[in-house]
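Chain nomenclature is as follows: A, B, C and D, assigned in order of appearance, with residue numbering initiated at 1 for each chain independently.
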Amino acid sequence: MDLALNETQLMLQSMAREFLANEVPKTSVRAIDESATGFSAELWRKIADLGWSGMAVPEEYGGTGNSLTDLGSVFEAMGEVACPSPLLAQVLAAHLVLGVATLDQRATLLPVIAMAERLFAVAITEPEYGWGAGAVQMRGVIDGDQVTMSGTKMFVPYAEVTDDLLVLVRTGDGATPEQGLTLVKVERDAAGIDVRRHQGWFGEPVCQVTFADARADVIGVPGEAWPGVEAALDKTVVLLSAFMLGGTQAALDMSVEYSKTRMAFGQPIGTFQRVQDLIIKALNDADAIRWTTYEALWKLDEGREDGPLAASMAKAVASEG
Amino acid sequence: MDLALNETQLMLQSMAREFLANEVPKTSVRAIDESATGFSAELWRKIADLGWSGMAVPEEYGGTGNSLTDLGSVFEAMGEVACPSPLLAQVLAAHLVLGVATLDQRATLLPVIAMAERLFAVAITEPEYGWGAGAVQMRGVIDGDQVTMSGTKMFVPYAEVTDDLLVLVRTGDGATPEQGLTLVKVERDAAGIDVRRHQGWFGEPVCQVTFADARADVIGVPGEAWPGVEAALDKTVVLLSAFMLGGTQAALDMSVEYSKTRMAFGQPIGTFQRVQDLIIKALNDADAIRWTTYEALWKLDEGREDGPLAASMAKAVASEG
Amino acid sequence: MDFEYVYSAEQDSFRREAREFFDARVPTDRRGPVDPESLDDDTFAYFREVHREMGARGWLYPTYPKEYGGGGMTADHEMVIEEEMARRQIPKHFSNGLVLPSILVWGTEEQKKRFLIPLLTGEETCYQTFSEAHAGSDLAAISSTAVRDGDDWVINGHKLFITGIREPDLMYGPFVTQPDGARHHNMGYFLIPYPTPGVTLTRMTLMNGPGQLFINFDNVRVPAGNLLGGDDEGWQVAATTLEQEHGGRGAAFSPDEDTQELLAYVRDTKRNGVAIGVDPTVRLNAVDNYIESQIHRLLETRNFWMYVTKREMTYHGAQSALWRKEFKVRNAIREATIMGPYALLDHTDDAPVAGGSPEVRQRRNVAWTHPGGTPEIMRLIIARRLGISRTRERAAPTPSTATSHTG
Amino acid sequence: MDFEYVYSAEQDSFRREAREFFDARVPTDRRGPVDPESLDDDTFAYFREVHREMGARGWLYPTYPKEYGGGGMTADHEMVIEEEMARRQIPKHFSNGLVLPSILVWGTEEQKKRFLIPLLTGEETCYQTFSEAHAGSDLAAISSTAVRDGDDWVINGHKLFITGIREPDLMYGPFVTQPDGARHHNMGYFLIPYPTPGVTLTRMTLMNGPGQLFINFDNVRVPAGNLLGGDDEGWQVAATTLEQEHGGRGAAFSPDEDTQELLAYVRDTKRNGVAIGVDPTVRLNAVDNYIESQIHRLLETRNFWMYVTKREMTYHGAQSALWRKEFKVRNAIREATIMGPYALLDHTDDAPVAGGSPEVRQRRNVAWTHPGGTPEIMRLIIARRLGISRTRERAAPTPSTATSHTG
């Protein structure tokens, strides 16, 4: 048993913190969030130059083949400053390609993802949303190694600025909703694709993407994408929990600090039990997120059978706090 | 608009409080709760002598025909001292007879209930319990104006000491679960009835009642009992909420008093915000129960369409606190 | 007991009059925005004029005395007007009217005439300027000052988190008159016209929108007659204001659009062919939302009844305010749980739910725990009123309980 | 990172040894009662003897030094023994062993020999006598006294809410030695044999059973050697005890029978032909129960890891204790929500769920928020350790962090 980050992870996290402190001050987070696209190509380039987009990609495909826990230590640091970037989408794309694509496709796509030569966004959710395979109802018709598809995907992060889209479509009906789902890749600028940013959302930019007879390339085996998609989502969702851990811990630290210096009724507000109890709630939240998240990352890294259970639990804990 | 109890209710409540203060001190509550049957015939006689068992019975049937709000003001007072008595069961019996029985049966049964000449217990819940009509599955076979029934009812309050049982049985199958239910009356000592008190329950004594080809009298129209049963339950459940209101308010009052006198760290514990917040939670609970309960009683007394909705809400609020 | 507010024939007749006025005056497509803080100039100007016309009839502040520009009517009339405005989604006056009871209780006859009339008739609007950077919950810690200079007071300092969608004609709040004076006895309560030289307004950009101001005071001169109450009674005058703000008055009419919108959403929404309400967790969240809103309605009803029957209120106002602040946050979370990502689409999106109002609640219900005192302050007040706190206090005088202190 | 505790070959071999011992010694139908407080005399006597035999092997307190009757083993051995006992439902020792670290840290060599050996070998049992009627959360407010008289101390007063299922051989706790002394420096920590003339035990009847005592001390004489630490150091000695009690040590092994029983109930129960788990509200309650129990396991695991790696613990022990006290109450409510009235049937009923253990939890989980410090006290400690309280404090010395103070 060892609950400490290892040397690699400590180094990664400390380098990440240094980078973020220099390159992503609070003013810049605000400016990017409030910009027209919610995206900074400059910051994304710098992040790519650090190699973070290749961490989830095995070395043989041009990445650095890091563990999920390695990635978690970086996402935690990003969450601390609420760093706005499409890294999570890019990492999800890597996990999808690893989980679903043919060997040839891996060899083509993964180096591009790893080097961030192109940005990838992932479109799964639909207007009548849900989180199971059954909620994917947008239809695609298989035509050789391509699919022609029409319909709408909602809440797609960074679709406005991405180069490519990975889209999950229903190309057939099987005995269970898990069957008949196909992952496809298409350039965002391709014919028949319309992207509109959702309004009002705070946080990362999300978009509605409409497809009208858009043609896309099949990734992996047609109709059999779901197991790989589910596995990729499990892995990626825990990295999101790590990001939320960073944010929760940062909010806690700010609250503790503020409670020591902000005065009311002649004393620091931290001396009021009501204020203390708000802080203790945040402390419990942060620690609950921390340990469910890192245990889930560890279980997934170890390939344990209960990894997906732990992943869902970490996401639930991080989301409800 | 007038949110005060009226003169009758104030008088009823004040008389109830005086009676309970004299006759039901804390020691006696404890003694009755811990006695073999959890029932005091002596206290029940005194309660009956006050006329409380006749409050829900119209004057024409020998009762005093009080409003539900009148009854609520008494149940609130009983809740304040956690008065152990089968009054709620007896009142439920009155409501059932009023809701389900034929005019002849009313004339026979209601005076007996009103004068508490006999005690009535009500058996509806079954081992695979639930709160809708569909959960009543125990079978009875109609034979003229009698029913022969076999099966088990659970969690029946005061079944061990009651004179009569009102039992809801399924005597037929209709298009909906609400159809085919019949209310029957049977003496507790009748052949084929076995009563066993549940162990471990705190609060009023509840029993498992087993029927083996027991014969009972049909009350009202066979197979059509449910609407009257549901209406009776709605009315009675709000009186239970009023009882719980009394208990909640008493606990709140004790807590406020204790918080002013109990010292810790050199000051009354009520000066600690953590203690205050526990009390404020109880205050909000008590007031939420109070106003949802009395509004529901008023709506039922007025015969408003949304009375049952208000009744369920009052019960939910009183139960969850 | 009788929980129903029964309209008299007189009220019914007044309702017809009000409805006719609004129907004739305001086209049905004229209404307040989903997000009050995104009010555009045209809509603002339009309803500002409607308010003036209402004020001329005494309908803006119906229960205030006629001699000061109010309606001289009963709380029943006020209720009718509020209901009719809500029915047509007509925004209420753009003032923070919490100063009005303070002027009524503490003002001289001259002050009542001079300040109440333009406010009550809707000619002018006013903003409440209380909070400072180092005095939020602890309002008594304010440090902005008012120094007597001949017949004037000279005001310096700042106020922030001042709610106001445009610019006011009048600002009101406490300023320190005796920097070395005893706490709670070292300030005066001033009425400051706007514009006045030395006052600058800066808009704050907050989660819930641009509706709040930072206000700087740089040697701002107001005449002595703009001091309400004694120059050491500012805290007490503010307490009368806060007593109202903390919900002391209650309401016979608690519209519940948030919950109605959610229940309609649950009733009407299908996902992949299945009504979302078949999921008991959806129903549970919707029902909890409904119940907590009903409890709030009942607490407000109780307070209204206590107020109009002149019963002694202690913790009641703060209790209702606390409940409101907290249940609105819980209900926003429940709404987001049911609606999922749709709860975050605002009114400028292509197809927001309920015109985008859920999105407003996601931001606003958190932000609105602060104005008028945080939940922690409400708890502090309740504890005091229950007599379990170190500090004991009685309710401040309000128009319902007090005769004028100076009249 | 590695969250798994990996057993060494040595541990595996020790496990075999332990399992053989328990299998040979304790028939499988011999186990502790569902409700620990309903332990019958025969079962008590039986396991008391088992404990003695375990003590003789050093298995009762495996990590304590061999020279004082402990096992001289590692925490790993302790874990193996605990797991094997839990597997066979063998009750743990009937002592409150929280005095042991205090004796180890504060005791003289003679005291360690005299008091530790019979306790660690299981020859004797001990109860912790801390709380008084007017000193619960505020332990420093105790008023029972110890007055020096020649070579003896004479003890007067009372203690209550003393956990202990039968009668102890030894009691321990603080008594005031200097009634006018400064708070936290006015008491000594005494070890009091039972029986001793003047000590009377009365059983209290509480919601969670008869397992707690009222103890009266009437001119009870103990020799000077029964004072642990200085006669003004009682508070500090108690702090070492409390540090353990507040969860400072963590656990690599957190059995979770409550949740497992509930999950089994949900899996196996049908009502009217339908599995109850088809209702998402049932699943939601069961899953929340599971998640909160898992969080507790992880906090305990973290504490265990910090303890064995000698990291500086601050708020961590109190955090885990607070979480446990509060989530157990929430989980009891969830269990009652799922099981309905069945959750209230006890082990003497005809057909209770899971042998009646849910009923025990309905009573016990509320009662158990008190011993070892209420949730409010845990919060107070956490706030201090976070440095946001008026009072700052560091963790008290424990065997892990301190060398003996007197040795």
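Simple rule for what comes next: a residue touches a chain if its C-beta (ideal position, glycine included) is under 8 Å from a C-beta of that chain, and two chains touch if they have at least 3 such contacts.
From a predicted model like this one, the values you see are computed outputs, not experimental measurements.
Chemist: If you check the contacts of chain B and chain D, which chains show up for both?
Modeler: Touching chain B and chain D alike, sorted by label: A, C.
Chemist: Report back the single chain whose CA centre is most distant from the CA centre of chain D.
Modeler: Using the mean of the C-alpha atoms as each chain's centre, the farthest one from chain D is C.
Chemist: B-C versus A-C: which interface comes out with more C-beta contact pairs?
Modeler: So, comparing the two chain pairs, more contacts are at B-C.
Chemist: Whole-Å distance, chain A centre to chain B centre, using C-alpha means?
Modeler: Those two chain centres are 55 Å apart.
Chemist: Roughly how far is chain A from chain D, centre to centre by C-alpha average, rounded to an integer in Å?
Modeler: The mean C-alpha positions of chain A and chain D differ by 43 Å.
Chemist: For chain A and chain C, let me know how many angstrom lie between their CA-based centres, rounded off.
Modeler: Here chain A and chain C have centroids separated by 42 Å.
Chemist: Can you list the chain C residues in contact with two or more other chains?
Modeler: 379
Chemist: Give the residues of chain A touching no fewer than two other chains, as numbers and ranges.
Modeler: If we look for residues of chain A contacting two or more partner chains, we find 272-275, 277.
Chemist: If every chain is a node and every touching pair an edge, decide which shape results: line, ring, star, complete or other.
Modeler: Drawn as a graph, the chains make a fully connected set, so complete.
Chemist: Tell me, which parts of chain D touch chain A in their complex?
Modeler: Answer in residue numbers: 1-6, 252, 287, 291, 294-295, 298-299, 301-302, 305, 315, 319, 322-323, 379-380, 382-383, 386-390.
Chemist: For chain B, which residues count as touching chain A in their complex?
Modeler: Residues 272-274, 277.
Chemist: Can you list the residues on chain A that touch chain C in the complex?
Modeler: 125, 128-130, 134-135, 137, 154-155, 196, 198-202, 206, 208, 263-265, 272, 274-275
Chemist: Within the complex, which stretch of chain C touches chain D?
Modeler: Touching chain D from chain C are residues 279-281, 284.
Chemist: What residues on chain C touch chain A, complex-wise?
Modeler: Result: residues 134, 136-138, 141, 270-272, 340-341, 344-350, 352, 356, 359, 363, 376, 379 of chain C touch chain A.
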